[in-house]
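The structure under discussion is supplied below as structure tokens; questions concerning it will follow.
We just call them A, B, C and D in the order they show up, numbering each chain from 1.
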């Protein structure tokens, strides 16, 4: 009843765990096969140690993080972690990060040779060649990245948009023009905090990424607006912590949702969300999510 | 012992001293010394759960010893008998319990919390070094395995007037365990290294998930990047690099 | 000790109430003379009834509002409300809204003839001539507005920036180029909510403005970044509900702060903030806020 | 009577029926029937305070009657004796109490809350019409000024089976007061207009500030845009325009 289909791939339900917030470590708490899908942490070509100093800072209704894409590199991910994850009957989406187009391309070439069915391209990473500004800010730069990546990518490609984009509609449009098969939005918002005792920013990097329920009104608005102008599947992300949040995104036009920070509140929060959606559908006599997808747009 | 989600019902929650509280919960608990639970007694705000070390487990009774620092611990301090908390645990890797010989335990302030359970669980002879700011607390619960109890206070009100590391000598011990403020643990590490005594350090870092997923608690060790919540909180002394 | 100066005008303390969130109605709860300043509600040339339907929707750590600039029009404000407000010994800032440049200009000409010492220009209003997009989104449009307004405005002009600006740095820079004497930021974030029972947006207008503690990490980051590149006084706004929040903005570079939604939590929240700042300064032996202004930037 | 900030200490907080609770607070309270308080018993989350009408004031005892609808009222329902709330009030403009003659009061569901205090404060003869979903509640507290009590339930379990407006006839009354769901009040307005009986309506709209500042509670009336929190919640019947 709750199942959805994207790129011909069936998801048991529309609930996917968001990149960087969910790993195999959660298997202690429930069977990961119950999930619609799992997004891997952000994979880069080479191993990354991540950022120094404080990495997590709680804020009102959410948190700032400055993990800095810590990951073992795509090769070690494929050899060490993927086999374990593949034991579960759920859709794996590989989230790919990088600082240059070449890095993205090389990472994706390696993922082409795996059974992972879908790639999610994280264009929020700082882009070293263009002076450190993220690829995801200016749509023209994003267009170039997506076009080049698309040339090598043998799997359906979801582009994950940053809410810091100058113009989210133009960004979404250009990514689709460049060949994106789907869009997911949003990544974290640029934010910061200051430690007034030390009189310094909390994070070594000053700027960190804001996520959690605090951002939901903004990210929901972005999903709503973007879903009106593109024809590809959209995955809604941002502050989802219960089934009502998930349904808001679906009614705004999302085909599926990703749950990020919510996992930190309760390890099996995704199960609660899946069950909640199911109960809502039963109560409201909804046979398929298609009936309510984007219904708030009309 | 797989961690799990469970509930705990407050049996007692009493002020020990100033900002220090002891809370006892009933429920179905397990865990080793050095392991911890993620706790929450609220809905969505504050957003994150709070990590507290196991201070003792006896039957279905779990004890936490905690210091009120901010929002979360303040809420804990107001819980009353009968209130229910959500717990996740036991989490992390605790202290090794299979060492032979005499053991030295060095704890500072609220860092004594996991050491109480450690002392109760070890079968060895233990010397306990407790460093406190104003006054020692909770030392009556330390159990009969403790042979000698050394106390220091910054205030000089009880015990040695100064840092506990001033009076700590590891030479007699086959192994040393420590938990407390970073500067104290850094000093303990230097002292143990000098005398070539093996050391275990219980680290602390702000946590989001507590289960190894978010990488928020990563620290750089001599054996690579490690997660305090899953690979620790207890690490071998030589793995830890203290800065300044 | 807590006093600050802007445009040669002295503020008792850096705490100003934000536009649209504070009126004379609060005089029942404390003496308004204790405030650093009061920003008026958004004044438009003609009376405005505001929006239909739900106008307030609580979210995690904040609220969405869709008031729609309800106000009696600048003339009636000047004749009916201003005399009452002027009885208090605090700095009044007139917040001006409008949908065309001509409207802004005419409203400001009327305010020129009052004793109000400072004008705050709200460029977040939808701009009817340019197709409904707010003036505050594209910096080139904002530049034009500010330049025209500046030609007639006889008082120091603060431009209030929208966080929805495509590029907040460019926006700040262009507004200063066009003659802004000061900047205040931020106004509310575009957000929305969906009523899943009705399957419709909560607000008749769909999009509403998000404010409150939930936005603080983002708005603080914007204040921090903007204050590094401009030389005019900056007023920090967004989610301030205690003295620590206020100090974060000041350490980020703000000369003063505005408290908006916080007033709804506690009518005299500004007093708590003022007292908290004072106590902090005493404890940390700070003689003037200048000592810590922007200190986190170094 | 100027509104002010004050505290209230919970004396009792009991379930009356299903989701309906009665909470009594001690403190220094004042207010007229139809006025309300903004309440909070939490820190920053939920962000806004919640408006509740004065259901009764006797000496230093303030009574609220409330229905659990969401976050805020759910927190209220869990308060226990001794807990302290922050209150702001009395707010708004209440019912006029100086009308002569026999008075009709029409209340629906939780809309009875302000009407209890109204009935206790009026010196007139009162006929009370109470419409309920399942079962009537709290009718025993209504006081001795009520002459006749008409009850309806949607369920038919007690009283008239149907809408209270089906059995309401305003002809004998010099004035009518109403509070309850919009459709009910809209019907009452039509009936009173037909018979030319003056009517006062207590309106409800989501509030942020409660004091007249945010304009979140504005409604369009025949006498212009009005704030429910300050210009109301009680309006003259002819001012209110009901949609569909």
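Criterion: a contact is a pair of C-beta atoms (placed from the backbone, for glycine too) under 8 Å apart; a residue touches a chain by one contact, two chains touch by 3 or more.
Since we're looking at a predicted model, the values are computed, not measured.
Chain centres were defined as the mean of their Cα atoms; on that basis the chain farthest from subunit A turns out to be D.
Note: centroid distance subunit A to subunit D, computed from Cα atoms, is 47 Å. Once the centre of each chain is set as its mean CA position, subunit A and subunit C turn out to be 33 Å apart. Our note on geometry: subunit B versus subunit D, Cα centroid distance of 53 Å, whole angstroms.
Each of the following residues of subunit C touches two or more other chains: 59-62, 212-213. In subunit B, the positions touching at least two other chains are 44-45. Because contacts link each chain to all the remaining chains, their graph is best described as complete. Per the touch definition, subunit A reaches subunit B in the complex via residues 20-23, 25-26, 28-29, 41, 49-50, 52, 54-63, 65, 67, 70, 212-213, 241, 261, 263-268. On the side of subunit B, the complex with subunit D involves touching residues 44-45.
Every residue of subunit B that touches subunit A in the complex is listed here, in rising order: 2-5, 40, 44-49, 86, 88, 206-218, 220, 225, 230. Residues 60-61 of subunit A touch subunit D in their complex.
Of all residues in subunit A, only 59-62, 64, 166-167, 189-194, 196, 199-201, 206-208, 210, 212-218, 220-221, 224, 239, 244, 247-248, 251-252, 280, 292, 295-296 touch subunit C in the complex they form.
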